[in-house]
């Protein structure tokens, strides 16, 4: 059988862009990491070293900065659409452009209830993410997402009724800590929506369901979150959730003559349960 | 439209296992991180909180350690197959088990050409990886892979002949540093092969092609590596390569009255070119 | 000259402890990483392998969890003092115990202005830190600190008037982004203070000075912050600040026919300016 | 009491420099991260915002690259001395320059015993480090060091005979895994030594002692390593070692009806024992 090129793509990743948006009397500050990925007619580059259809990743990077001045003034979804349209419309060899933008969230400082005009704190693990895919035929898909959202509740979570075998050691429990570093990604039904408002709505719904759900397992909470978001937000076509179980394990105090009544825990990084699921309409 | 559960899976990740294999006169030492992922009939857990078909991830972890004593004595591919078969054969609700094993590579110390019987150095970024997928119907797929392999050559690499537009700044070059943190994953044609010998053969081929290829682009080298491996090793069905371009950019010494004749570089982490491709038979 | 043991110490690091403090109607949740370091009469362990004075680090770890139930109900400074006193009072061979506690900060969720009783978000890079040192003679020192506090202002920062030499390229500026990942550590004048109130006072002062100072350099802002804290808080004996300069560099848009009027920046991780200073009374 | 500036310093960190050294027929490749730290008369910058004595960290960075072409052709110790002398001799306000250089180690590829002229693999956690301090009065100190050296032995290590108290759980053992991520730093007796040869000698001695020592504790091995290096190498004035205990804990297989005869272990990251000591002449 002959050997040939299969699926392939390339682009510039981690284009770290920050942006001051200057208003009268106050500034906005935005910081993002942009990744561009192009799919298209790149066979000759691979097989012959012919670069005549390879738009350099350095040029892609410059384009991100150059277009940021005029076009990065609103949501990352909107900026992603501008970038995708630029690369597809200018490069006939590109069959699909995928733009991923991860936004670092800065909070405006506030003193005595007064918002500061130009000072911010940052550094949270939670990021906002947008992914835009544009095909040469005009087909456009927009996903929004959240990464690194640390969630924890100290009760209303249990895990019991599971199958036992000769390797079972875990005790059943009706009251445990539930903690996760949540990642969510949802697909929108269209590319011309109010992405800011929708994001805030989904984000709030996620937090609210996590906090109020009587959780019988991570899976149970994951589905409840997804179901509620689909119920509340028609513009969300489907949502995928990743909810690793960040275990907090009761420390055994019995050898020291103490009862550990769910108060003292070992927080562990590894191993960890890894729970993923997509909730769809169907 | 009703709301329902779509694709989902769960399991225990990052089960960090180390193993001494005791021979007369010397020890082997192996260290791996195992991840188990199960797919199956888990709807009731999500929608009803019914855990009767959810094998706890804690039990999965115990199983990895318990089976390690008898079964982790050879390749990670072989151990992955044992684990996958265990989970599929014991759990009727599981339609697919996916086992991923990442191996940390330790080197035996040696003094005056004498291999030490039980002392090792470690800590390389390069890892060996195996992925096994077993379906309930017996279908089995084995992938082997390399992660974190840092490769660099100081010449025999160029990039020229690419399209220019108004955002082009990059100068063409016929002599640059080519550096990458290579990730490779290849699918085997069968599940009963000599995984050790094949791994060493693919690994050597990858290094050799990287070092000797007259590279006209990262894509060009990526394809050359994949093509050579498929030519040499019939047991490899296809191979995917990820070769981020770890840029080393000539530092501009002209303001200081020096010519930089390709000697002094800035090593950058971000942004980086991200080049991916699969080479297939067909 | 004979060879002998010089300064040495040991202990358990990264004891990851989480704690639910149960109140009627709501829970507090705290998560810390505790490190114990003991100094003392450990010569025989080093030179002879005699462990009779080496309290195992595993025992140190157990002690942290065992004492947490009764004693970790308030500030990390107070818990650190309890731990230090335990190790010094129980182990005659220990001349000094140093306890470092790093606290991960969780925020209680709130919906429609209503604080949730047991759900939290976390994941910020900002940590609170306490260090306690207790000598066998009873001498006690307490430091409090902040780590990972990301601060940024979009104006009121400049850098000019510096010396030039043949390697100078940097343009002078009176308007730049000032960003830092601030680390602060201050020594208290006593060990029986209201550590919670003092911490909040120092933290607020730091943010306020950063936001309002007309900065002529990172050094200038660093000193202003330290000076203000010493002025306002008599219980702070001295304060050390580390303020790496997280550069946001204007991207050169001129090749693309645009003026970059301080709007579009490259956010870089390396290299970075590293500015440190201690402000003292004296 | 008046408030004033105490100890302070500043400089550029993480100047990532790579260097091709071109020989007839083959290339050397070196990659380092350089950090410059200056101490001196910087009070006015802090208290008044007067930058007239603040050599910009951007200029420091440029200087590193500019001097690399001529002067970074041998050891990192030698390059550090060149940089320190440059900053002290050119800047009267600088009372001390401290240069730290961390070297990433690349290995030349080799095929059939034939060294390749320009292809390398890298990525090890082990780094070589040099620190040079030069005072304005000419006093010079040079330290060399190793960071990130992962060492492990599967036997010849025990831990017993330690004190017990009510928090003791750890069983005594005469046969355990000893693993550490070793950091070593030694001070040389002079600044004009053969730094390459001495480094290799110390490095080999460290590995050899680790591998052959009958270890009764981490402390016992730490001291043995330091003592041997001081015995063998007169040019080493003293050596500090950091040897965190990377625990590999036997997994309890008894619940599953198996005996774990020191074969199957859990590799843990946290918590970890942290053992430090300096071995001196005196």
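Which chain is which? They are A, B, C and D, in the order written, and residues in each are numbered from 1.
Here is the rule we go by: a contact is a pair of C-beta atoms (placed from the backbone, for glycine too) under 8 Å apart; a residue touches a chain by one contact, two chains touch by 3 or more.
Every value quoted in this text rests on a predicted model; they were computed, and no experiment measured them.
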{"item": "Winner on C-beta contact pairs when A-B is weighed against B-D", "value": "A-B"}
{"item": "Reference interface A-C: repeating pair among B-D, B-C or A-D with over half of contacts shared", "value": "B-D"}
{"item": "Inter-centroid spacing, chain D versus chain A (mean Cα positions, whole Å)", "value": "37"}
{"item": "Geometric centre distance via CA averages, chain B-chain A, whole Å", "value": "24"}
{"item": "CA centroid of chain B to CA centroid of chain D, Å", "value": "29"}
{"item": "Where chain A touches two or more other chains, by residue", "value": "16, 62, 66, 167, 169, 255-256, 269-270"}
{"item": "Graph class of chain-chain contacts, one of line, ring, star, complete, other", "value": "complete"}
{"item": "Chain A-touching residues of chain D, taken from the complex the two chains share", "value": "166-167, 169, 255-257, 269-270"}
{"item": "Residue ranges of chain D touching chain B (in the complex, touch as defined)", "value": "16-22, 27, 29, 31, 62, 65-66, 68-69, 106, 109, 111, 116, 118-126, 148-156, 177, 181, 207-208, 210-211, 248, 251, 253, 255-256, 258, 260, 262-268"}
{"item": "Partner chain C, residues of chain D touching it in the complex", "value": "1-16, 33, 35, 37, 42, 45-59, 61-63, 66, 90-91, 159-165, 167-170, 215-220, 222-223, 226-227, 230-231, 238, 240, 244-245, 269-282"}
